[in-house]
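Below are two complexes that have chain A in common, paired first with chain B and then with chain C.
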Partner chain A sequence: MIEFRDVSFVHQNGVRALDGVSLRVDAGEFVALVGENGAGKTTLVKHVTGLLKPASGSVLVDGVDTRAASTAQLSRKVGVAFQNPDHQLFSETVEEEMSFALRNFGFPPEVVRERVSWGLELFGLGEYRRSSPLILSGGEKKRLTLACILAWDPQVVMLDEPTVGQDAIQKEKLAGTILMLKSAGKTVVVVSHDIEFLWPIQPRVVVMKGGRVVGDGPATAIMQDRDLLASARVAQPQLVEFYQELHRRPGTPFVHPLDAARWAEEAMLP
Partner chain B sequence: MMWLSGGFIFRRGDSFYHRLDPRAKLLNSVLMFTTTLLARSIFEMVLVILFMVGLSAAATVLKRVARTMAFTALFSGFIFVVNVLFTRDLETSVLYAIRFIAIVVSTSIFFITTSPDELEQVMKMFRLPRDVVFAFVTAVRFIPVMMLDTIQIMDAQKSRGLELEKGNLIRRVRNMIPILIPLVVNSVMRSGELAEAMEARAYGAVPRPTSLLVYRATRADVGVVCAAVALFAIAAYSFYFVVPVRFP
Partner chain C sequence: MADILRVEGLSFRYPDSPKSAVSDFELSIPEGEIVVLAGPSGCGKSTLLRAVNGLIPHMYGGEYSGDVLVAGSSVKSSNMRDLAQTVGFLFQNPENQIFMFSVERDVAFGLENLGVPREEMRARVDEALRLLRIGDLAQRAPHELSDGQKQRVALAGVLAMRPKLVILDEPTSLLDPKTASELVALVAKLRGELGTTFVVVEHRLDLLVEVADRLVVMDGGRKVLEGTPMDVLFDNEAEAHGVAIPAVAKVQRLLAEREAGKAAAAKLLTPSALALAVEGRLT
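Let's look at the complex of A and B:
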């Protein structure tokens, strides 16, 4: 679905944001991009929507070279919710905000109404339908931007730091939404520093550092690699640390970090 | 847009020119600016521009000054055409076109080598009201931030299918609404947050706050100003006492 072939990119200020990145994300995969600030995660996302074009190498989205397509064309397939919701909200009402992209893509009015209602209900924003999006709280704005993206049903959903400003309940709901998208066959890419959020939903984890991919694999394998994560300034999930600590002691009952997770969950139940 | 801003906005540097006293840099720019107004021949104007190019090279900002010149050249071209049409005097038209570039470059060198903090100190030395100085310097400081905001907003809206280059003029102007509203809202929100943060850090608690930076003129300051004064003196002498040599 998405393929980076030896992609490099240098910003105008001379900073090499991507350095020979080769990465393949298949349709229906759920991938988390993690890494220190400035590792090139957001730059990678912008390449998928064609907002940035590679200096060398190529990026293919559903077989289409991003250099040969406009952002509007690519956006029909790839929905991106950027980090700061204030960078996109401008309409008079929440429902108009949600319908903006749908109208841009030429959806018929009845479909627009239907999708807007669906998105608002999904993210618990129905009561704000006729309110200004600018009066929403930070968390609500973030949810609105997600709803805006999902409204046009893109094949790929990319979320840049979706948990920022979200409380625990909303994070849980977001995790549920991501799993729902995954089960619906969508390709989901999440950029996040929130390891505790990513751990329970078990994505394929791609670790980035200095514009390079330095680690790639299932969450259980990557999250146990303390040195790799430390080199990319990513914290280990607490449960994995707990498991590794227990594993050093003789007679540990767990053979896998997920066993430890399950045990901890059961132990915490009343 | 960022390419263009590179020719106008301060970026930290470590050249001798960056380290000059901001008062010397201001005086130097004012002298260069005035000299360009006094220069009456292409030769003199080229001399001033060469001086500015030399300073830019010494300040390691030549590339960015060249961007400023390239951008200004578009307007200079317009000035040249209008002058040729109305005055029918090729030499004067060329002079005016070059003068415009020189004027912009003389101010550009000051702004790209002087930090907002230094600018603030210079303005305070002129006894301008503190609130006015603060508002001006903050506005300057936030220009690159707003440019970055604009790019991010454009990215976000383009990712929602907005095509800025599509349609006729009216449609294109309307397409700017999703860019301008978040930009204005963000700026207003940011200014409110900044005001609160400043008050929380005792802004306005005393009428005359102390300063972190104290400037003293060095030999380099005197040298650069003397060079600019010499150039100014030549241009002034030429302006008042020498009949300009004109090409046949």
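Let's look at the complex of A and C:
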């Protein structure tokens, strides 16, 4: 669904943000991009939407080279919730904000109405329907941008730091939404520093550092690679560290690190 | 020690809003404490903070009752100019508060507005750059910096005003885990060196539990829990109020329940220390 072929990109100030990135994400995959600030994660996302075009190499989205496609064509396929929701909210009311893209994509009015109600309901924003998006809290704005994107049903959903400003309850709902999208066959790419959020939902993890991909694999494998994570300034999930420590002890039975807490609970003396 | 912040029975309702954003809120913070404010989104945290830095009632209309005292002065009868020198505010996204052409000019911006004499401005800017270890960035353009560096530039601008109270709104949310723990260590260091009081709004508690004196949880505009971080994390109600309990804290709580009779845990164990403690109790 998304393919980067040896992509490099240099910002105007001379910083090389992507340095020979090759990466393939198949349809229906759920991928997390992790790595230190400035590793190139957001630049990579902007290449998928066509906001940035590679200096060398090529980016294909659903088989189409982003240099040959307009941003409008790509945005029908790829929905992105950027890190700072203020950059993408501009309407007078929350309802208007959600309707905007749907109308632009030519959905009939009754479909627009239905989907707006569905999205506001799903993300607990119903009470703000006629309010200005500007009065929402940071976390609510992030949920609104996500609702706007899901409403037009793109094939690829990209979320840049979606957990910022979200409390534990909202994070759990967000995790549920991501898993729902995955089971609906969507391709989901999440950029996040929030390792504790990512761990239980087990994405494929792509680790970036200095504009390069330095690690790529299932969460279980990558999150146990202490040296790789440390080199990219990414923390290990607490429970993985806990699990690894316990398993240094000879004779400890094998459990999946996801089950470490439950296993410890059952194995502890009353 | 004197209270740097006292919130006395504060209630506030925005115009056109059916319910109060903050209700009957009481809080006292002694000078030099690090206090974490948590709670679900929409719980009234931002409204409370606006009532502390004076945006409420000076910039927002609405129904206001009770009082907020910062360093002994009532916010509603203080002017914004005086408040800006007592209360510093670091926004969630540093891009919202850095905008000059060089880091140095950015850090000096607040002081320039107050008309601080040139030599003193120089000294305060240098001090802030030194405290945050960004002296080498002084001539750089802020938009060229990394997020972690921008965050430190914004914080330097706040500290140059020498506020007694600094409010940080989710300061680690845009930072990678390593940079985030460096920022938390910096907060502890500044408290130690300058005696600054910090109120930190944060959902991610794993980092802050180490350095915070107190955790206050809000829900529905009210204060619902208050105590040492460990007391709150071990409170069964905390999760229902949207507090993210660090994964290790849950295991540690189970361990503490099995050790009934022993004093409650004083601090959050690191994952490896927890593994050792659990190992000692395995069948």
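We adopt the following convention: the second predicted complex is superposed on the first by the 258 of 270 C-alpha atoms of A that agree within 3 Å, B and C clash if a C-alpha of one lies under 4 Å from a C-alpha of the other, contacts with A are read in each partner's own complex, and residues count from 1 in each chain.
Note that in this section a residue touches a chain if its C-beta (ideal position, glycine included) is under 8 Å from a C-beta of that chain, and two chains touch if they have at least 3 such contacts.
Owing to the predicted nature of the structure, the values given are computational and were not obtained by experimental measurement.
Aligning the two structures on chain A places chain B and chain C in a clash. Looking at the shared chain after the overlay, A:237 reaches chain C, while chain B stays out of its contact range. In the superposed model, A:246 lies in contact with chain C only, and not with chain B. Contact with chain B, but none with chain C, is seen for A:134 once the two complexes are overlaid on the shared chain. When the two structures are aligned on the shared chain, A:118 is found in touch with neither chain B nor chain C.
When the shared chain is aligned, chain B comes close enough to touch A:76, but chain C does not. Of the two partner chains, both chain B and chain C are touched by A:84. The larger set of touched chain A residues comes from C, when the choice is between chain B and chain C. Only one of the stretches 22-30, 40-48, 58-66 or 112-120 belonging to chain C has C-alpha atoms clashing with chain B in the superposition, and it is 112-120. Counting contacts as defined above, chain A residues 84 meet chain B in one complex and chain C in the other. Of all the residues in chain C, the ones that touch chain A in their complex are 38-43, 46, 92-93, 95, 144, 146-148, 170, 173-180, 203-204, 206, 239, 242-248, 250-251, 254-255, 258, 271-272, 274-276, 278-279, 281-283.
Residues 2-3, 6, 149, 152-153, 155-163, 177-178, 181-182, 185-186, 189 of chain B are the ones touching chain A in the complex. Those residues of chain A that touch chain C in the shared complex are 13, 15, 35-38, 83-84, 137-140, 161, 164-171, 193-196, 233-239, 241-243, 245-246, 249, 261, 264-265, 267-270.
Those residues of chain A that touch chain B in the complex are listed here as 12, 46, 49, 51, 70-72, 75-76, 78-80, 82, 84, 86-90, 100-101, 104-105, 134, 148-149, 152.
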